[in-house]
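To start, the structure itself, in structure tokens.
Should a chain be cited, it is by its letter among A, B, C and D, assigned in written order, with residues numbered from 1 in that chain.
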Amino acid sequence: MTEPLLTVRNLKLDIPVASGTLHAVRGIDFELNRGETLCIVGESGSGKSLTSLALMGLLGKRILRKADQMTFDGTELTTMSAKELRKLRGGRMSMIFQEPMTSLNPAYTIGDQLMEALLLHQPVGRAAARARAIELLEKVGITAAESRLGQYPHQLSGGLRQRVMIAMALMCGPELIIADEPTTALDVTIQAQILRLLVDLTREMNMAMILITHDLGVVARVADKVAVMYAGELVETGPAADIFATPCHPYTRGLLRCIPLPGKTERGSELGTIPGIVPSLVGEVEGCVFRTRCDYAEAACREAIPHRTNGAHRFRCIHPDGMRHAEEVPA
Amino acid sequence: MFLILWSTPVLNFILKRLMLAAIVALTVSFISFSLMFLSGDPAAALAGETASGEDIEAIRALYGFDRPMLVQYWEWLGSALSGDFGQSYYFKLPVASLIADRLGVTMTLGVCGISFALLTAVPLGVAAAIRPNSFIDRLSLFLSVAGQAMPSFWFGLILIVVFSIKLGLLPPSGANSWRHFIMPTIVLGYYAMPAIMRLTRAGMLDVLSSDYIRTARAKGASETRVLFKHGLRNAIIPVVSLAAVQMGFMLGGSIVVESIFALHGAGFLAWESIGRNDLPTVQALILIFAMFYIVFTFLADVLNAWLDPRMRSS
Amino acid sequence: MTDMNANDPLLQEVSGPSPSQILIRRVVTHQGLMFGLAVVLLLALVALFAPLLAPHDPYAQNLLARMKPPVFLGGTWEYPLGTDHLGRDYLSRLIYGARVSLMIGAIAALISGFIGTALGVSAGYFGGKVDAAVTFLINVRLALPVVLVALAVVAVMGGSLQIVIMVLGLLLWDRFAVVMRSSTLQIRRREYVAAAQAIGASTPRVILSEIMPNIVNNLIVVVTLEMAHAILLEAALSFLGVGVQPPTPSWGLMVSEGKKMMLFDAWLVLIPGAVLFVLVLAINLMGDGLRDVTAPENRS
Amino acid sequence: MKASFLKTTIAASALLAAAGSAWADKASGTLNVAFTKELESVDSYFNSAREGVVLMRAIWDGLIYLDPVTNEYKGNLAESWTWVDDTTLEFKLRQGVKFHNGEPFNADDVVYTVNFVAKEENGVKTQRNVNWMKSAEKIDDYTVRIYLKDKFPAAIEYLAGPVAIYPNEYYAEVGASGMGLKPVGTGPYKVTEVVPGQHFVLEKNENYFDGPKGQPTIGKIDIRTIPDVNTQMAELFSGTLDLIWQVPVDLAERLSSMEQFTVANESTMRVGYLAMDAAGRSGADNPFTKLKVRQAVNYAIDRKTLVSALLKGKSQVIWTPCYPSQFGCDQNVTHYDYNPEKAKELLAEAGYPDGFTTEFYAYRDREYAEAISLYLNAVGIKTDFKMLQYSALREINMKGEVPISFQTWGSYSLNDASAMVSQYFKHGSLDDARDDQVLADLNVADSATDPEVRKEYYSKALKRIADEAYWAPMFSYNTNYVFTKEVSYTPTADEVLRFTTMTWN
């Protein structure tokens, strides 16, 4: 295989707060090949969105980013100049945000904003940019694309706006697209459409995608790779098939219990929840962060936690199989 | 763009706004007329010093001062609408021409003042919003807090002492050259600056933390482009309204500045006319200053409709 | 699991301070607010105890001791800040001037606050035609040039303390109306208001016990800002000669009286102007500070 | 700073003035002068301000001229005059005089002017100045007769004062408002620019006749309206003004210590007084209808200190409703020396043991007015202080709504008691006393031809006014003239700026 498109090693994000330092993301590693879809799953506040913003270089000034390595197609992102990074952003890697309602500038037309994405990166004329905008609007399933160009964001529904955002992300034909919960703010009926669109387009255009979500049902359908994030750490990563077949970390299993599976979950039976308190990440964090909610926690969980590897499937737990055996349903 | 402006909803909006402006103007005219009506009639003064009581009565009847107030108001309004505000008791000249002669100075001062306010407040507000808590943010905060507390008559006097007397750089009074307008402009502009600066800063902070700014950055737009094309363009919309309101206030408040710097504008005329009991002039000036405010806010609303696409179609 | 967590450092979280503790901490760490409060309190005390503090009768003229310089310009301690053009003690007039400024500011703000709150709350609460009428009134009020109208009215009615206060009170209610209207609009949509209406509480009761407590923070902020506004306007009117009339000591009047000798005796103008500036600054800082600590999300 | 602060201010200003004086327009011959007051009209018959008198003397001429130094009457537009009878004056006019617009001066102009101003409905502002004339008649091109309504011995004085001769053709065409915007006269200066409220430009009349006023030397005079004395001072320092007048005494004292300015003080005929509503026009229960109250007011005021500490200069204490140098102004009247205790007693006797509150009006010199009101406060008369502009105060005064006011009168610089006492005590709308006996005495005094009779009756009237304490006359004014060392000027005691006698050094 060729070199991965994106490699992240030991990424840390620290936020200074009144009572100390909030270690929001603590030493995460993952990689992504061209054309692959990586899903990062986890509860709200686990650091998923921060990680994606860190990749794009869009973190606020207050957040400190450190990483041993963060390369995109062999280029180190952490040492890149602001200008080079800008060239990359929106050109070779682009992003779709959670909030379609507010992510478009109310003062400019859809056409202006779409074309801007292309004109900023490629030496083409306005006519060409316009043609590309129409092409992509049609591709994301917007009818009467040409007349939409002159409209303002407030004249469009949320679903349409998210389609516009997707089209905007695709304007330069990026190699990597980061979608941060692109459907959460939308109606349930539209969520599926948008997601399907996104997956189809990445396949068609051979783009890599990082999809951030808390919806494991979505992950099961689209992911090549899965990374499970809890309180700023990746507790388990690996190929989607492995994760769903043999979820090793107790947290991953906890998440899986929370989704109803057609055929597997009986009607009327209770969905699982993960009890306990999410710990504070202010100050030094030692040992396993999940221990406060883990059924199998021991004193040793406060010590250093080994990384366990099984091919591409990795997880962190003091128990060799993450106590998976304890939950095996006797056949 | 202008084609959009004249779409039906915008026209409706403008018409509605015009109606409101007209009713407000009418009410203001009534208030200004009745205010002055309260101060009694000028028959005795017109009659002259040797007049007897009967002479005064005759004059009262001749000028119609003995009629009910509403009748007199109606008549006054009628001629005011055709630009006739009556005769000044003091100068024995038509009030309209008296005011027209002096409005130039006040308008010049107002335009200079609001320009000064905008040219200092907007850059400072933007700079402060870009780097909160920086030196420039603190400086602009200090300037705005001080500006709100500064009595403009005192500020003007201090400027005269420093720049005209001590340093001899600027003429202390009069309106003969642009140099005469520097200090009045600063005093009047500084009065409007704090509010504009605060609004620019707050608006800019708000806009800069918005999602669409993140989108613009994610597109790879340069920081300047993000700040000005995407940021300021949105943050400036409420500032336009405020500037119009401030301009209206400033013209009304130019009395103090004009009296300090002996600028013979409409504000100064107003002050003097009040002292001289020159009622027709005072009535007309109150109405004219109010009309300025009404016209400016109306224009600001129209301009807003043009700047803000959301207002245009809703 | 429970016992495991008992003394886990991950859960040894700082137990958060109570809301009132947070408020107090915000207040005491807010420099502007503390400075403003301190100065306003100090001047209020000075005004209150003016008869005890003033070294001379502020009205007693002594034409043989006119325009004595203050002590730091070579004067004597007999008149620490010198004397004015009629030989009256400047310090004493300054001290009594604090009374005039604060009294005018406070009463005018109360009157305008009452008018503006009544209008704004009814507009926000009843909406519809009431709202339209109030909005119209606000428009009319804003269109009237304040300084000019105040000048004209005071000139017609004569410049006494009561008239100046009344005129300012009747002119400065616009900001109250605007702020109270929008605050009431926000509160009216809350569930507890609907609940109170549902259990059949009378309108005045709903307004007084459900709406007012929730907008009083905003009201206090506007009261302080308008008080500063009223004080500045009174000074400007007095400076123009149609505000408070002599011999009442008003800082604006003192600036106006000192103006004649400004080129030679700048202190005559500088001192009352500076005191006025500091008082208005302090009240504004207090108002801004109150807004910051009671509604940090509105911080500008 | 400290003690040296004051000195540095002066030093800095002095330095500036030294630098600034280089800007003075001496080369181009323009003298820059400031007026405080904005005139309602330049037409001298339609304003009543001192500034108007100054302009009148520069732009127009009267038939007769009063030499301010020798107090001698000289022919001006008239070469000679004779009393035909008690009510008829005949004038031989100067020949070859031309108005600024080229219109020749002759008998028609005099006849037109007199007939116009004597008619009450034409509304001349100060009727007293003209209402003693009935009409004028042309005898030939250069001989004119003026007919008086009644015997009026002060006629010569008035003709040497406020009665300016206007060009008949021009005035008939443009009227008072046209005259106000583009004045035309025969005087030593012609007006080349009028911007109402801002400035007047006067230029030397090259064709001015050789009259008693003398030939003007300064080529151009730019008079600007600058209401604020500070601004005037600042401009004086920066060299954009050459001459200011009516400078407050405190400022004049400071300026006199600066070597680049000349400060000249001259007394004026202006008298400051308190007028009280003795006739009860502002309400019959008005305290000032009581003699004891009026006397109390008179006793309450320390005139000597007012003069020595506040007015200074050549001011003096005044006891009469006229200026001592005026003909007939007998000084032998009751004096009310400062005695606050007596004032309080009188108030108590009048039924006001705790004093009372009254409106107190003033229109100029807020400082003096305030000092006076404080004297009243000290004896228990609390004042509701009201400062109005002159025209506004005059208006409510004529309506009879003023209980007590601080007033001043400059007599139009007429050196005759009638110019003041007869102005105010002959039951006009400004008469607050309305005393019939005073009226009778003044009628005799005003119209008697025998100077001794006039003196006797003025004296009677003045004594009664003082005894009845209708007014509280207090002091006479003085004027400070401040000008740069480039200018040379000797002010006269009549408070009239005479541009003709000013020269460059």
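One rule holds for everything that comes next: a contact is a pair of C-beta atoms (placed from the backbone, for glycine too) under 8 Å apart; a residue touches a chain by one contact, two chains touch by 3 or more.
Only a predicted model underlies this, so the values are computations on that prediction, with no experimental measurement involved.
Colleague: Applying the touch definition from the top, give me the chains sitting in contact with each of subunit C and subunit D.
Modeller: B
Colleague: Return the chain pair with more inter-chain C-beta contacts, choosing between A-B and B-D.
Modeller: Pair with the higher count of C-beta contacts: B-D.
Colleague: Most central chain by CA mean?
Modeller: B
Colleague: Select the chain at the greatest separation from subunit C, using centres from the mean of Cα atoms.
Modeller: A
Colleague: Which whole number of Å gives the spacing of the CA centres of subunit A and subunit B?
Modeller: The computed centroid separation for subunit A versus subunit B comes out at 53 Å.
Colleague: Measure off the straight-line distance from the CA centroid of subunit B to the CA centroid of subunit D, and report it in whole Å.
Modeller: Inter-chain centre distance comes to 40 Å.
Colleague: Find the geometric centre of each of subunit A and subunit D from their Cα atoms only, then give the gap between the two centres in Å, rounded to an integer.
Modeller: 92
Colleague: Please set out, as single numbers or ranges, the residues of subunit D touching at least two other chains.
Modeller: 9, 13, 228, 230, 234, 237, 388
Colleague: Among the residues of subunit B, which are close enough to touch at least two other chains?
Modeller: Only 157, 160, 165, 259, 275, 277 qualify.
Colleague: Got the subunit C residues that touch at least 2 other chains?
Modeller: Residues 155, 241-242, 259, 262-263, 266 of subunit C each touch two or more of the other chains.
Colleague: Okay, in this complex, where on subunit B does subunit C touch?
Modeller: 20, 23-25, 27-28, 31-32, 35-36, 38-39, 145-146, 148-154, 157-158, 160-161, 165, 198, 201-202, 205, 245, 248-249, 251-253, 255-256, 259, 267, 270-271, 274-275, 277, 282, 285-286, 289-290, 293-294, 297
Colleague: Along subunit B, where are the residues that touch subunit D in the complex?
Modeller: 42, 44-45, 47-51, 89-93, 101-102, 157, 160, 164-166, 168, 171-174, 259-262, 264, 269, 272, 275-278
Colleague: Which residues of subunit D touch subunit C in the complex?
Modeller: Residues in contact with subunit C: 1-3, 5-6, 9-10, 13, 228-230, 233-234, 237, 248, 250-251, 254, 302, 305-306, 309-310, 359, 366-367, 370-371, 373-374, 377, 384-388.
Colleague: Quick one: in the complex, what on subunit D touches subunit B?
Modeller: Residues 9, 12-13, 16, 19-20, 38, 40-41, 46, 120, 123, 127, 131, 176-177, 196-198, 224-228, 230-231, 234-235, 237-238, 240, 388-389, 391-392, 394-395, 398-399, 428-430 of subunit D touch subunit B in their complex.
Colleague: Using the touch definition from the top, list the residues of subunit C that touch subunit B in their complex.
Modeller: Going through subunit C, the ones touching subunit B are 32, 136, 139-140, 142-149, 151-153, 155-156, 228, 232, 235-236, 239-242, 252, 255-256, 259, 262-263, 266, 269-270, 273, 276-278, 280-281, 284-285, 288, 300.
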